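Remarks on the structure that follows.
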Amino acid sequence: MATKFSLAELMAVASSRQIQDGEIAFIGTGLPMLGAMLAKALHAPNAILIYEAGIVDARPKRTPVSIGDGCLVPGAAMCCGLTEALGTILQRGWVDVGFLGAAQINKYGDINTSVIGDYYHPKVRLPGSGGGNDIGSLAKRTVIMMAQDKRKFVEQVDYITTPGWLGPPGTREAAGLPRGGPAKVITNLGIYAFDENREIYLESHHPGISIEKIKQNVSWEIAISPDVRETEPPTDEELHLLREQFDPQGIFLGGRE
Amino acid sequence: MHRIRKVSSKIMSEREAVETFVVDGIRLRSGGIGLRKPFALINETIRQRRKNITFILSGFTEDGDVMVGAGVASQLEGSYFGLEALGLAHNYRRAYEQGIPLKIKIEEYSNYGMTARFMAAAMGVPFMPVKSHLGSDLVRYHAFREKKAHLMEDPFSGEKVMLLPACPVDVAFVHAQRCDEDGNVQIWGPIGDDEWGARAAQQVVVEVEEIVDSEIVRRDPNRTILPSFMVSAIVIAPYGSHPYQCQGYYDLDLEYRKMYAEVTRTREGFERYLEDWVYGPGSHQGYLEKLGKDRLDRLRAKPYMSDPVNYGY
Amino acid sequence: MHRIRKVSSKIMSEREAVETFVVDGIRLRSGGIGLRKPFALINETIRQRRKNITFILSGFTEDGDVMVGAGVASQLEGSYFGLEALGLAHNYRRAYEQGIPLKIKIEEYSNYGMTARFMAAAMGVPFMPVKSHLGSDLVRYHAFREKKAHLMEDPFSGEKVMLLPACPVDVAFVHAQRCDEDGNVQIWGPIGDDEWGARAAQQVVVEVEEIVDSEIVRRDPNRTILPSFMVSAIVIAPYGSHPYQCQGYYDLDLEYRKMYAEVTRTREGFERYLEDWVYGPGSHQGYLEKLGKDRLDRLRAKPYMSDPVNYGY
Amino acid sequence: MATKFSLAELMAVASSRQIQDGEIAFIGTGLPMLGAMLAKALHAPNAILIYEAGIVDARPKRTPVSIGDGCLVPGAAMCCGLTEALGTILQRGWVDVGFLGAAQINKYGDINTSVIGDYYHPKVRLPGSGGGNDIGSLAKRTVIMMAQDKRKFVEQVDYITTPGWLGPPGTREAAGLPRGGPAKVITNLGIYAFDENREIYLESHHPGISIEKIKQNVSWEIAISPDVRETEPPTDEELHLLREQFDPQGIFLGGRE
């Protein structure tokens, strides 16, 4: 159990643990895809993974590099389009958990993937919503995965691409969103959840990451759970599957530490 | 029971198709999400140096980036503008952040928002209701559309709902596996929103891996995505989606995509890329020759065949 | 890459499926337009003497007529109620005009209106805009819905547009060619509005000609109309659409349909029909035995096979 | 050319002549289906026939008994569903000509296929709209085919299932309908068109049917074209195709006269 692991591997494993058996999970590219495959191989064999391009319950034989990668199709239960995946599955309310990336996040879990700086004259123009706004609006709960620093955990995001809780209880509902909201945020430093005021707090810090370091990487006074603990490390089996089966080329996991 | 009929052929070269259907200033839709991108037609549009195109899709990757970098697209309507696993789209960033080669505007929706807008246009209704976009800045900031969205109360229940306007399209490019001579188009694998996006258009220009006998299409009519009367032109473009995939024909060319992501980091690199891979080859055929037979053969899809089904009665 | 998984089986008899999912008073959707009508489940619903069902479809034929005549359906939502080339639907007329066996109400839309309403429910939005219904009495008279439609001005262009409310469905019956053990359902031939109608439902009960190995389904995933998680129960019912067709499996039984049109001219004739063809046989198996092997063999579809396509990459 | 023919055959042939070469025609069951097949076999080989259930450019080898008959599928160019046929083809504006049946019609071509008598307590409950309302609202023009008598050609229909012109010029447009309107009415007695006031008038009377008889079968003073003529009879070739190829069993044409 003393196997070394990278933070990318830890994040992939942490995302896998967010999927319960039998759940329907909406998957984007990258670490959550690896996490989802891991979940299905281990503790959630009856989970059904939906890929945004319109692929249901895929059985890929290599690491998919996009949500529409043709390697997801042979052996899938259903192959359709965005209307089916985002409309009749996601918007209709079938999706238990969706995964999101973020460039900026605020304490209510609202996220920005569009611009850094002024919207019309930004410092950095980012990719935009993609399916993010839909997933954040319409999945029963979301898990946000992102790199963390002070400029990413901010009091006010420069642009709300995807709504989180939007404010205290009632705010999200008042906007007309039918369900959902962020449940967890997984970063390279720790794992966060949301309290009854729908504000983010630290639930666990990754092995080797101090709470002090986490505080330094949030631009407000981050709340800490009284039960804060260290993030459960990956098991050997998880690491083995990730490295040998799901991403042997290191496309998403990168080089080993 | 039917006499043989002959219609004037829609089959033409990519040069002729772009000359005929793509004029400056139109609203042009790209195609494919994650695969089946219509690069043969996109590269030809760049070669013919079209200007002021409003380029439209939900998920833009290299297709949007190259059209912006080449100075062809000056406006974008869509939801994602990046290179997926390969990072940010550099031409797009340079254009938006620094006005190189020109200042562009972006009307930003979500993936489903764009799909819903194509659905509305494809079905001839002025808008589509959605339950996303609510509470976000997507509907608060706009670029060039006067009215980007309309928040309303559902007259039946009182709940809030967002109306997104139909997305009109002058010309849609589609890359498909095959069609017959009349232009009955068949696609399999992920459909993306090509079904709706193409039907939203006034004119569809389809590039196909191959033209097959009409009997093959008509033995499996449920695979037809577009009926012939919606298709204006057919371009035979094997490997036309390269470096993207076409299910059943070839895999993605990850090395090429990595090369693109790398060389486009600088404007000079991108200009060299345009010379080497777009202007230089002169045509899709020239592009394929530059790639070389070995490389294309390596990408060729392995067989994973469906079973026949019975359509009899 | 995946461990074998085992889910509790959804496969059950038509008796068990109707006992479990069809309770008095629900909103129940029939299926199929012109073919693939779910008669095995409809006949069983009559045998179990359900009451106060709101029965829903765009194009009702014998399916709606028999449910009304048997006293099961007391409300209908749909657009067509007749026997196509075979004339008017007699039970339906007797019920509406004379209250025999009971007074029924009908909420009337057009075919596309019903389809649009299923689309709205299937996509989780409260309504769908349409450009039909305008100027007609379809939206002027209503039966049991408080608000049947809403005329509005498009906020983008000012043009008039009709909003039709989503059509909620408690249980949808679907007749399909095949599914796998998990309930991934495949259909070909005319789809009607089964795709949207089924996805609109809280529970889908599917009757299939056969259950096939999951690998067959997964070798052709574009044919899948419903993913397993939308399907609550699977009933194996070969010839379950009789006297209607199922593409690739059997043809319509025109003699039977003519017989039905004839005997239902009188209430007595219909009661005899129910005894002979619904109650008497006791089950779908009993119904098939009464039809007899020769008759079923004569209806069997001749082969007209599609070609395999390559799904490889 | 002196071959005898039935009025049903004449109506089928008349409907066939309403389809021009290259047009897209939206087809229901019955005589218009026979007429459309005839048109395609003779003067309109490039016409494309759309069957409401979602079948495009079918090549049936027997007489279809319904708009979703499986015999329409083998050899068709496209097979889909109502959303495609009624939404993306009809409502989108692709259909040049659509065919409609009617139980009652008024002078503006508004038609009733729902009830005879009071809506809630009718004398006769009819099948309702089916796709009729959609076709009448959304095709570029429609052709109405019906049996004619005084109770069917009425000043006021009991219920407008499908809008015709709805009133003088501007009325249909004011209702918000995007295009279309009735062009012809073909009955067992004659063929009618609509004038610049959008009112119906007699264009031709069928062979053997007097104008007097037609007047007796309209409940208002029917306008007569100054150029009124006899309806062109079927040709031998048309009759041969109808009888030998398209409806040899007489499913829609009935017995021969």
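Chains: A, B, C and D, in written order; residue numbering restarts at 1 for each.
The working rule: contacts are C-beta pairs under 8 Å (C-beta built on N, C-alpha and C of every residue); 3 or more make two chains touch, one makes a residue touch a chain.
From a predicted model like this one, the values you see are computed outputs, not experimental measurements.
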**Prompt:** Higher C-beta contact count, B-D or C-D?
**Reply:** C-D
**Asked** Taking each chain's centre as the mean of its CA atoms, how far is chain B from chain D in angstrom?
**Response** 40
**Prompt:** For chain A and chain B, what's the span in angstrom between their mean Cα positions?
**Reply:** 28
**Complete:** Chain centres from averaged Cα atoms put chain B and chain C apart, in whole Å, by 36
**Item:** Sequence positions of chain B contacting 2 or more other chains
**Value:** 124-125, 130-131, 159, 161, 188-189, 191, 196, 219, 222, 245, 247, 251, 301, 304, 311-313
**Complete:** Residue numbers in chain D touching two or more further chains are 55, 69-71, 73-74, 79-80, 83, 87, 91, 138, 178
**Asked** Every touching chain pair, please?
**Response** A-B, A-C, B-C, B-D, C-D
**Residue ranges of chain C in contact with chain A within the complex** = 1-3, 5, 7, 122-125, 180, 182, 184, 196, 199, 214, 217-219, 221-222, 224, 226-230, 311-313
**Prompt:** Along chain D, where are the residues that touch chain B in the complex?
**Reply:** 24, 37, 40-41, 45-46, 48, 55-57, 59-61, 69-71, 73-80, 83, 87-89, 91-94, 138, 178, 245-246
**Asked** Which of the residues in chain D come into contact with chain C in the complex?
**Response** 29-30, 52-55, 65-74, 79-83, 86-87, 90-91, 114, 119-120, 122-134, 137-138, 159-163, 166, 172, 175-178, 251-252
**Message:** For a test of understanding, state which residues of chain C touch chain B in their complex under the given definition.
**Reply:** 120, 124-131, 147, 150, 152, 154-157, 159, 161, 163, 165-166, 177, 188-189, 191, 216, 219-220, 222-223, 245, 247-251, 301-313
**Message:** Touching residues of chain C toward chain D in the complex: what are they?
**Reply:** 32-35, 58-59, 78-82, 84-85, 88-89, 92-93, 96-97, 106, 108-113, 115-116, 119, 130-138, 141, 151, 159-162, 188-196, 245-247, 251-252, 254, 301, 304
